[in-house]
Amino acid sequence: MARVELRNIVKAFGATQVLRNVSLDVDDGEFMTLIGASGCGKSTLLRIVAGLEAQGSGSVRIGERMVDHLRPRQRRIAMVFQSYALYPHMTVRENIATPLMIDRTLLAERLPLVGRLSPRRRRIAGEIDQAVRGVAELLQIEPLLDRRPGQLSGGQRQRAALGRAMVREPQVFLMDEPLSNLDASLRVHMRRELADLHRRLGATFIYVTHDQVEAMTMSGRVALMEAGEILQVGTPNEVYHRPANTRVAAFLGSPRINLLEAAVEGAGTLRLGGTALAHAAEAAGQGSVTLGIRPESIALTGDDPAGQGGLSLLVDDLEDLGHEIILHARLETEGAPAALTARLPAAAVAAARAAGRFGNRIRVEVDPASLLIFDRDGLRIPATVAPAAPAAAHPQAAAG
Amino acid sequence: MSTTAEPSPLALTPVATLSVAGARIANAARLVAVHALLILALVFVLGPIIWMLTTSVKPANEIFQAGIDFMPRNPQPITNYSDAFASVPLLQFMMNGVIVCAGILVVQLLTSIPCAYALAKIRFRGAPVVFALVLLGLCIPIQVPALPLYLAFAQLGLLNTYLGLMLPFFLSVFAIFLFRQFFRSFPDEIIQAARVDGMSEFEIVWRVVVPSAWPAIAAFSVFSVTAHWNDLYWPLIVVSKDALATPPLGVAFFFDAETGSDFGSMMAAATLVSAPLIIAFLVAQRQFIQGITMTGLK
Amino acid sequence: MALAADRREAPAPAAPSGIARQERVEAASGYLFALPAALLMLAIILGPSAVVIAMSFTNYELGAIDWGWIGLGNYGEMLSDRTFWRSMRNTFVYVLIVVPSSVLLGLAIAIMVQSRIRARRFYEVAFFLPVTTTLVAMAIVWSFVLHSRIGPVNAFLQLLGFEAVGFFTDPDTVLFSLALIGIWQLVGFNMILFIAGLSSIPRDLYDAAAVDGADGWLDRFLRVTWPMLGPTTMFVVVTTCITAFKVFDTVVVLTDGGPLGASEVLLHSIYLEGFQYFRIGYASALTVAFLVFILVFSLVQAWVIDRNVHYR
Amino acid sequence: ADVEIEVYHAWPSHKRFHEPIAAEFMEANPGITVTFRTPGPTYDDAHQAVLRGALTGELPDVFHSGYHLLRQLSTTLAARSQIIALDDLMAAEGQEWIEANYAPNVLNLGTVDGVFYGMPFNASTPIVYYNMDLVTAAGGSADALPEDWDSLIALGAKIAASADDVDGMAYDVHAWPDDWLWQALMYQEGGSLMNADETEVAFGNDIGLRGLELARRIVTEGGMPMLDFKESRQQFCAGKLGIIFSSTAGVRRFTECSGDNFALKTHTFPVVDKENGGVPTGGNAAVILSNDAEKKAAAWKYLKFIAGPRGQEIAVLGSGYMPTNKRAVEAEFLGDHYDNNPNWVTSLNQADRAQKWVGYPGNNGVKIWRTQREIIDAVMRGQIEPQEGLDRMVAETQALLPRN
Amino acid sequence: MARVELRNIVKAFGATQVLRNVSLDVDDGEFMTLIGASGCGKSTLLRIVAGLEAQGSGSVRIGERMVDHLRPRQRRIAMVFQSYALYPHMTVRENIATPLMIDRTLLAERLPLVGRLSPRRRRIAGEIDQAVRGVAELLQIEPLLDRRPGQLSGGQRQRAALGRAMVREPQVFLMDEPLSNLDASLRVHMRRELADLHRRLGATFIYVTHDQVEAMTMSGRVALMEAGEILQVGTPNEVYHRPANTRVAAFLGSPRINLLEAAVEGAGTLRLGGTALAHAAEAAGQGSVTLGIRPESIALTGDDPAGQGGLSLLVDDLEDLGHEIILHARLETEGAPAALTARLPAAAVAAARAAGRFGNRIRVEVDPASLLIFDRDGLRIPATVAPAAPAAAHPQAAAG
């Protein structure tokens, strides 16, 4: 009952088109993450769902109900803001109580002095206090209830903001980069806490971030946005391993995926520089394709005699991250040397060094199964990539 | 018109209750109501100014017509103005106003900017004391020290001099307060960079801080110039000669109580006296409002 | 006093040779920068104010050769002086009318203006214009606009069927008329300050309030705007108060304290006693009373508001 | 070398004759430059400013003192040797010259306790201005203008009743910057301010009481609105006030402002006691405040010029004041001006009733009037009874007089 | 000649002790990074070197010269700030020229109008312009010289700030988190650019950051600070692989290193829970030690039959980062289950899943060579860790 359906949402601010025909279905109880570069329209989309911004055209349904004409409070949603947006002059308790207070009392009862005269208000206040306590218990912020936001740490503020969002038991939680103001270690912690909360509440979450790690680790599905459009929707695994196009592939993953021009020969032999790298029947007839090689799909060629299979690289730079080493190298191709980044386990490099196989020029191999193939328009060609016939590789490699 | 750029309690909530069309109508209605209220307030605020302008071009016999004829029937754009110039040395008054205001402003800036900078950015033990004095000073209007100042000026022969007109205002605690607020938000790192680059503190102020403080300077200048251009109290006390009279004194002299006042030229004079400030404000308003907003004045 | 502190500081417990160089240079320039201002402050504000307090215990009259300390004599006279009490009462009434009206009106206009997009700058400038006008000149304008017999406002009132009002000639209304002018000149100033305050309220808070259901303007105002404007309000109220206490120009130009002393205000009394009747001692006592009231008013307000606005 | 003398006078509107006179004087005396201080708003304000200047060393060289304050001014300044007695200078001009130019009662205006300090420059008496349009509309006529208070008040009442937006009369004693109109109320019944030895207030009697009652009646019966000084003048100019009492000095201004709007007529001030009654002579006398010999000589020259026939001609035509110089009415100067301008003659018609506008002893003249004025105002507004008002006036005035 | 030597630097702000007896030698031409948590005193230390802050006691030498009594400009240092601290009202050209201008002209020559009268000034201005151009060329910002900082992107500002620092040819560059205001991809880029610049200039760099990746990749040596003290100084490799103590070990590496209590038996058999994990002679006689296990040192147990060697884990949570998977698990020990985090290559997990070896309970093994051993006080025991004798491991594993 708390599905969220966006249909053909269009939004412009003045002359700038911010959302171009965005449609998205979020299932009941799903954790959907909107991810995209800064300024791509994520917040705007979220605010349209919340009713804080009116769409230019298109419609929003929340739990089978058209909500276009409803005010935020009537949409049964809650929102958590990047800045937490706690009321600085209220205690945490008052902050959390506010949505309920507004929901349950009449305007007159909320007026500064007059309000106290209402007999109903006392009863309601009791109920509300119950609810606030319940939420505080869940979030383990009971000891903080009488502090002001200014007296809280980032993580505590975060939890208070969550409490305010939860207390009305909304069908849908909207979160706009709720973790981006926290420091790294707290972020890791809150990441898991949020995922946990989602599991416990069973509500629908729509979560905005531009942090890949958050998107990858927390969400059921990810919607990747760019310039007001959704490029792909899918599970984190899908978008990472089966990106719809080069833009998605390039956005996810750090270091960035290597995108290299490759020639397609015959029945689908993919040739990079001079080397036949793999074989993909589906690419046959394309002339040339873009190969996507994740840095982690590149491995040092093992103990087989040097000169055997794989690619020969000129090492530019090594960045030692301790547990792994980022290798910046150039592919010795025929034309201009193409840059290539690889992510190598520190242990593997150490081993290779020890074996004298790690000099200025090294040989690496690419796991064909993880190769991504994109056509001229950047769209991925779903392909089962097999290793190239070893025979085919040899003569060319010598030329490289 | 669906949303507003700035938050405000009256910002139109984008989505109202009934339907999209209903919401549009409700928003439009609210928009009209807000503008109506604002325009009503504008009548109160601008009415006298407009009346001054129209009266300044009315012939004498139309002025003392009972009633609410705002517009002149036979406008005579020149007569009252030339009368005004003829009967008092208005140009002289305005010149005095310019000299006094400029003198005051320059010295105020020279004294308050370094002090404000010191209070905002330099660590020294005396800072809290100086700042406490500033806060105290904020609550002491010139009328309090006026008597001793007058006596001292009489002793020093400063009555009826430009210096006498300006001296009590050479220090503006308000300026110190305002600039301090502004400078506090100036990044420390830039100042440190300047120190590493070898600038002396003095150079930091005029090479780095002042060029970034234009909005605050503009805002303060508007406050200062309007205050001193319009001040009546002090000039009334220290000036008794036309040659030194400031604009408000000049206007006050139009009061011709014995035989009733010559309203047409009085309004012409009032217009002329107010005009430089209004024009200056219109020119500086963008900076001024920006300066006020950036300073926050909190 | 800044200097004294400096001298004590200068040969600070200098650790290993010359270590605190940068700090001393910094501190020295701090004192140097604050010095001119501090000296001027002493010379033209604090020193003379102290002299005023001292003179209030004397019977000094301008040009007098023999004068002496009379202790609290002036204050005694003040307390039994009808004119003093009257100016006191009038000043207070004036402040009590002008401060709330100009602050609330300024706030209301600021809120309405701030949410305009295209018209905002126009309104800002238009409402601020009275601040830049010469009050003396505008007082003359007001004197005619509010003329009790032939002024346009009265003509308008009579058109609506009301009695003509003696704005400056009826002792019961004259303070209100002066207050009206005071409000007229202060509203734009307060509006600008409030707009500055409003612009610094994070938009997120309004959004949060909307999601929480506070989407009516009153709820938004009570829950976000008003609490968030606390510091601005404090500044505005205190400065408006001081300005209101200083009412003088309009009184001198328009009413000279009349009719029946109904517009006699403190500063005008001080001016008359000091600069017209030359009773410097007595005028000093009045000035001290004036200063005390301004300080007490400002401090009490700052304290009351301060307790409710500082959240961090 | 050039001598510069600085002149200070009250009433900004007086610039319109002071300046042309000075211009002519400078033309005739190339070695002397005359400069003006910013005029004081009223006689009282100017007086206080000069006293202040005396204490701070900022005195002008020539000052036009209101007659009623001349006594206080000269007493205060003479004690500090800051004012010049003009007797010697007069005497040096020769008796013949004096007689040719000045009547004794005129010179008396500038004399304090037998010493001649001030050269009379302007002289005026209060007169009555009528808006004849309103008078006619109310049934009055130009030939039968009231001569006594009762009929004046009756006419005022009729005018007030004749139209909605019109008021009857204004006798602005409650708003006047000095006590001139109050003295007029006393003098017209033959009263006086002080007793003969100037130790006690002398109006604490029937005359004083009747004066206050009359003032109150003008309000209650005569249709007088309680406006302030400027407002009633503006209202008269706007044609909405039937009768106004003012100085003869305003003839010119009122004539101008009435313009085509309404017909203006002046009439003499009503006097109850035809024998002893009179009107106070308003105006001012010029005093010399500089001890510098050169300046003193130049100032004396200036005084002779402004109080001479040509100076007076300009002053009279620029205002409506009466000339203080006998020769001013000669053909060469004012000539037939009075014949052609009947409204200007009124002041001359009551010249024989002109009495000296006196001041109080001591230093509190200005403050005394502020005090009295407020009580008169309260009486006229009906807030206190005339008797009570009179008692307070007497007591409070007495308290401000020198104690000895 | 441009060594930097800090000796016993102590600094307090009021009552808070910010630096406690810090000594550090930075070699000529070295790239030294100060790393530590927020508030640990890094910036303060840097500012003391710069002369912007006076130490409480201790001394600073730059290039054999005591500089304690010298003002910043006299120390021949340059500083790059986190916010770049460019003068907002000056063009890039003026910004870069400022230090030279101040250095070479007299105060009188810099006065607004008077200054122009100086004949020397024109000549100097010419020289300065030369220098500015040289620097701009090196940094490739010539086209930006006439822009104001407000018109530049983050990376461009960064370069302008570098230009201003370089133009005086200082002996020492001090940089306070210069990259932290840049977005992720630009940061990666500028990281390499800075390292490159250091190589080309050959000057001494002291670089403050709290980003491990920066510290690890750019520096010659790293000084790790905590609470006003330097915990360890060494090459990135040293501090990562041979941390002096548990605090250093815990600070570097993300996810955090696993620190687990282990019992030492006999001649040095390390026993975790019930499993004999490895053997380290040096630990003999310690009773119990803390084992440091980097998340990447944990690998899924290979194709050998289940139940064989290694540790048995209960899986709590998986965070899929695309290229790798962070495993949160509990070690089935005898007492309270100890939490363990592992970093597993996505491919390995996929393979294990395919082979049915990845359920709720999994078996992992730890590379003994990468094990870190700390004594009771948290100090690392330098040890050569060998695999435990397989025989010893078996019976216990069954008990676990």
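Per-chain numbering from 1; labels A, B, C, D and E assigned in written order.
Rule of thumb we're sticking to: contacts are C-beta pairs under 8 Å (C-beta built on N, C-alpha and C of every residue); 3 or more make two chains touch, one makes a residue touch a chain.
In this text the structure is predicted, and so the values were computed from the model without any measurement.
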For chain A and chain D, the touch-path distance in steps comes out at 2
Greatest number of touching C-beta pairs links chains B-C
Compute the centre of every chain as the mean of its C-alpha atoms, then state which one is farthest from the centre of chain E. D
Between chain B and chain E, what is the separation of their C-alpha centroids in Å? 54
Can you compute the centre-to-centre distance for chain A and chain E, using the mean CA position of each chain? Integer Å is fine. 27
Just the number, please: Cα centre separation of chain B and chain C in whole Å. 14
Of all the residues in chain D, which ones touch at least 2 other chains? 55-56, 165, 230, 234, 238, 240
Among the residues of chain B, which are close enough to touch at least two other chains? 13, 64-66, 195, 200, 252, 254-255, 261, 263
Please list all residues of chain C that touch 2 or more other chains. 22-23, 25, 62, 144, 149-150, 202, 205, 207, 210, 215, 224, 275
For the chain D and chain C complex, residues of the former touching the latter: 45, 48, 51-52, 54-56, 165, 167, 174-175, 225-228, 230-231, 234-235, 238, 240-241, 364, 366-367, 374, 377-378, 381, 383
Residue ranges of chain D touching chain B (in the complex, touch as defined): 8, 11-16, 36-39, 41-42, 49, 53, 55-58, 165, 177, 229-230, 233-234, 236-240, 246-247, 249-250, 252-254, 256-257, 259-261
Over in the complex, which chain A residues touch chain E? Could you list them? 38, 183-184, 188, 191-192, 212-213, 216-217, 236-237, 240-241, 252-256, 294-296, 317, 319-324, 326, 328, 343, 345-347, 367, 370
Given the complex, residues on chain C that touch chain B span 1-2, 5-6, 9, 22-23, 25-27, 29-34, 36-38, 40-41, 44-49, 51-52, 55, 62, 105, 109, 111-117, 119, 121, 123-138, 140-142, 144-145, 149-150, 152, 155-156, 159, 184, 187-188, 192-193, 195-203, 205-207, 210, 215, 217, 220-221, 224-225, 231-232, 235, 238, 242, 245-246, 248-249, 252-253, 267, 270-271, 274-275, 280, 283-284, 287, 290-291, 294-295, 298-299
Touching chain B in the complex: which residues of chain E? 47, 50, 52, 71-73, 77-79, 81-90, 98-99, 102-103, 107, 110, 164
